[in-house]
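Below, chain A partners chain B and then partners chain C, in two separate complexes.
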Partner chain A sequence: MKITFPHLGYCSIPLRTLFAELGHTVIVPPPISQKTISLGTLHGPEFACYPLKLGLGNFIEALEAGADTLIMGGGIGPCRFGYYAQVQQDILRSLGYEFEMIVIEPPLGHFRQVVAAAGRLKQKNSWMQLAQAASFALAKLRACDDLHQLSLKIRPRVENKAVLANLYNRALTAIDAADSHRTLKTVANRFQENIKALPQTRVEPLKVALVGEVYLLAEPAANLAIEEKLGNLGVEVIRHVYISSWLKVNILLDFLRLRRKESAEQAARPYLNCFVGGHGQHSVGETIQAVRDGLDGVVHVYPFTCTPEIVARGIMRTYAAEKNMPLICFSLDEHSAEAGFNTRLEAFVDVMQRKNGQGELTDEQALHGI
Partner chain B sequence: MRIGIPRALLYYNFYPALSRLLEATKAEIVISSETNKQKLEQGLTLCEDEVCLPVKVLMGHVMTLAEQNVDGLFMPRMISLERSRYICPKFLGLPDMVRSSLGKDIQVLSPTVNLSWGKLRMFREGLKSAGPWLRHPLALWRSFRAAESEQLAHQQQLAAAFAQPQGTSKRVAVLGHAYNIFDGYINYDLLKNLQTMGVETLTVENFSRAAIEEGARDLSKDLFWSYGRDIVGAAFYCLRRRAVDGVIIVASFGCGPDSLITEIIERRFSQAGIPLMSIVLDEHSSGTGLITRLEAFTDMLHWRDAN
Partner chain C sequence: MSKLYMGFDVGSVSTNVALVDQTGEVVYTLYKRTQGAPIRTIKAALKEVATEFGEAKIAGVGSTGSGRSLAAVMLGADLVKNEITAHAVAAGHICPGVNTVLEIGGQDSKLIILQHGVVTDFAMNSVCAAGTGSFLDQQAARLGIPIEEFGDLAEQSQNPVRIAGRCSVFAESDMIHKQQMGNDIADIVAGLCAALVRNYLNNLGKGKILKAPVVFQGGVAANKGIKKAFEDALGVEVMVPQHHGVMGAVGSALLARAHVADKPSRFLGFGISELEYASRSFECADCPNNCEVVELTCDQEVVARWGDKCGKWSSETSARTG
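Coming up: the complex of A and B.
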């Protein structure tokens, strides 16, 4: 099988590892480009959400590169993501591609399908080997998440942003190439230390909570590299939703029927007392936590027409206005223009700075393009 | 004690049961009048731009009720009408959305409705939320039962329409959410206009459960939105049985579930030989444009016969 899957930030690294360990040929789709976006929007339903279109673009490019097996996630609603796979499959077949699509549904409610899909993917490997491959892939995912979290903390403080970007990319490549738990640990630690050793300013940066829908949070091509831009503007980005934590809560805990004890969901209850699909309740909860923790602002990103986030947005706006907390919402899709986006982001940072009493911009911030 | 019920969203699905349900309380029921320009404009000022049209309309109705000095709004938190299926995510957060944009002046009565829970738990939920206003707990149980049978009778009566033999006029299935199909203001009297053009119309409610289940069998994966599944089921049934001369799909702009449902239906109909038209509604739609499109569609149905 020549396996492919859609991009989601750096998730191609653990996914490639997982399937390669099981002996499959893996065709990672080319990085999301203007071409990917055009392909997805040309063939995708006009009013569908952005992640569906980008995933469709990834699949088309991977099929062109020779892939014959598509791996896609499923879901049980109420968010639209649960039905992406069926719509994408219909579209790709009508375009004349021949392939097999393996949909990984959440194990709760679809246990047999999950076992069947895993059985197909493991080929001649034993279940033990499958578990080992999965655990190695998860270790890589966690290494990537840790690295990313460090980069968010360091970027506003580091003097030379270009060196950091370079180190970060080299670290991802090294994690991708690691062939055992041991080498993975060595390279991850080495890069963490190298990054921490970069010369930093002592100025305490503004701190912003980045909240919203998980795909838009994790995929820089979809969120116009918002984290990097904020970091370069001298803002520390605090983000709680990561793919590894999402997997733990939505797949493992739900499957074991353990009660969710997430602090963001608890915090949201007085304002949004119910799961609304996607990450709506999280977005509200994290806004409330951001006020409580004394952060300087909240940035909300989600795909245009994402219902759970729109429900959250109305509630967040009222709350933020009450608490005098700067809040900016970006609903993004293929029509988002980068220049306008940058301007709004810079204006928002300005607002936070004034509110914070910093008034004028520092030379350093001016240098970096405000 | 006055409780307001907005004539919006699921009102159009459940109005037979609604007043029966509230008979058990001491409250006076106020139902807002039909949607009009003023209500929509009020709704627009209260909502985020990206919220779909039906929610903007709902907010308009809520405002109207607030001006009529009601003490509470009856707005259940609709989670699920059947096992493992949901309605759209906006219904889950709706009471919170209304609370957040209204301020704290009006109480919002929002018992959670999750029919996969079973009757007893639903009853307890009703007791909890309407407690202080109830005449008697038993009265609630009786009104539960009365509401249920009234709703069922209403649905059966609607479904009987389908069984009637087709006359000489063209038959068109107008499929969409009840709040888009039966609110004549936001769809520019779509059903009436079609009827004056000599077309017999059927809505999702006119299809029997059996017909919808038969149609839904053609889905590659079962749909987890109850109303979306009904729409697809009805559309696929029309296709299987050649039951109508044409299908019109009505969706609101930005509706999450409908964006995928319309795609699924359009793909299946593209090769099928039954004409399909899809209409997208929002507050910028134009009545004249819509009527022109309807005329063109019905003309085409007649033209197909002639050729």
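Coming up: the complex of A and C.
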């Protein structure tokens, strides 16, 4: 099988590892470019959300590169993501592509389907070998998440942002290339140390919680590199939703029926006490936690037309206004204009700074930050 | 002559310049149409300033507006600021204690909420462009009414017609429909003003409490019809400052004044209006991002590049501004 999957930030690294360990040929789609966006929006329904269109673009580019098996996530509940695999499959077939699509459903309530999909993917490998490959892939995912978290913390403080960006990219490449737990650990540690050793300013940055829908949080091509922009403006981004944590909540905790114990969902409960799909409840909960933790602001990103996040937004706006917490919401899709986005982001940083009584942005940040 | 601080607001429709003195008093303003050629307009504007203030000491320069980075590189600005902050600073300086700033410019509309002189919240039009100066301009031209008389005409109306104002395309087709039905032109114009204000408040004002004092600025603030429509909708008096059309430039000059303090300015001098600036764009093919890179040259020498995600091109030329 020539396997491919849609991009989601750096998730191609663990996914490539997982399938390559099982002996498949893996065709990673080209990074999301203007061409990917054009392909996805040309063939995707206009009012479907951005993740469907970008994923569709990824699939088309991968099919063109020779892939014959598409892996896609499934789902149930109020978020439309659950039926995107089916919609994408129909669109791709209507375009004349021949392929097989394997949909990974959430294990709760679809246990048999999950086992069947895993059985197909493991081929002649034993279940033990599948578990080993999965554990190695998870280790890579965690290494990427840790590295990313470090970069968010360091970026506002580092003097030379271009050097950090370069190190970060090289680290991802090295993690991707690691062929054993041992080399993975070595390269991950080495890059962590190198990044920590970069010259830093002593100024304590503003801290902002980045909340919202998981795809828009994790995919820089979709969120117009919001984390990097905030970091370059001198703001530390605090994000709790990571792919590894998402897997934990949506796959493991859900399956073990422990989901309701999750802290962000608990925090949200006085204001939003039911599951509204996607990360709606998380966004509310994390806004409440951001106020509690004394952060300087909350940035909310979600795909245009995303129902769970729109439900959350109404609650977040009222709550943030009550608590005098700066909040800005970005609903993004292929029509998002970067100039206006940058202006709003800069102005938002000014709002936080002025509220905080701190000075303005340095001209260096203002000139080259964005 | 005392020190002066110069603010440049390079917008989509107009390029404005304001000079403030050390006390923050506005001593000079200039309003010029950008006409899609910011480089040429910046140079021409600078030339006009030079004829009046050739000998004056420019102690600081700020730039704002959608062309702020371009202006900063060309002028050697000391401070580059987004237009939201620049407008808030100007409004707070000219009308101390202001709580709400309504700003309607050429392409963008902004709503800024302040508390004790500090911006606490803001919004900018996102989904559509209705309620902006360009649209009013276009409608005035279509109806054959000089834009200066547009507001007066609206004031004459006794029963404004209701115009659909969600988006400028629909607003225009609804206006045409009302015209074909035989409605009075003054009533249509007044209805358009009300529709734009309704659209503005629905899009930007969502859930925000708009407290007096309210300041209305931007080029559109000259339009009495829109000012009246705002007063009717908000139920409070709306103030239009004297320099309403160039408040972004005023704010930018004030910010430059605060930023520069006693440091020497990086201003490159009035002589730059004689230099040959040119820009070109190309697609970088070094990685799959295929970024569109814009390159600004001054007398054939590259002075700035923008648009690359990785910083490969832009980092090479930061000497002039950094």
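Please note the rule applied: the second predicted complex is superposed on the first by the 358 of 370 C-alpha atoms of A that agree within 3 Å, B and C clash if a C-alpha of one lies under 4 Å from a C-alpha of the other, contacts with A are read in each partner's own complex, and residues count from 1 in each chain.
As a working rule, a residue touches a chain if its C-beta (ideal position, glycine included) is under 8 Å from a C-beta of that chain, and two chains touch if they have at least 3 such contacts.
Bear in mind that the values here come from a model prediction, so they are computed numbers and not experimental data.
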item: Partners on chain A (chain B, chain C) - clash or fit; value: fit
item: Broader residue contact with chain A after superposition on the shared chain, chain B or chain C; value: B
item: Touched partner set for A:Pro308, first chain B, second chain C, both or neither; value: first
item: Partner chain in contact with A:Cys274 - chain B first, chain C second, else both or neither; value: first
item: Touching partner for A:Arg317 - first (chain B), second (chain C), both, neither; value: both
item: Touched partner set for A:Asp350, first chain B, second chain C, both or neither; value: second
item: After the two structures are overlaid on chain A, angle v-u-w for chain B, chain A, chain C in degrees (C-alpha centres, nearest 10); value: 80
item: Chain B versus chain C as contact partner of A:Asp90, first or second or both or neither; value: first
item: Touched partner set for A:Cys79, first chain B, second chain C, both or neither; value: first
item: Chain B versus chain C - smallest C-alpha distance in the overlay, whole Å; value: 6
item: Footprint overlap on chain A, comparing chain B with chain C; value: 317-318, 331
item: Footprint of chain A on chain C - complex, ascending; value: 66, 69, 72, 78-85, 108, 118-122, 124, 126, 207, 255, 259, 287-290, 309-311, 314-315, 318, 321-322
item: Touch list for chain A against partner chain C, complex; value: 30-31, 33-35, 161-162, 165, 225, 317-318, 321, 324, 326, 331, 339-340, 342-344, 346-348, 350-351, 354-355, 360, 363-364, 366-368
item: Of all residues in chain B, those that touch chain A in their complex; value: 47-48, 50-52, 77, 79, 84-90, 92-94, 96-97, 100-101, 112, 219-221, 223-225, 253-260, 262-264, 267, 280
item: Complex contacts: residues of chain A adjacent to chain B; value: 45-49, 74, 76-80, 82-83, 85-87, 89-91, 94, 103, 109, 271-278, 280, 304-308, 310-315, 317-319, 331
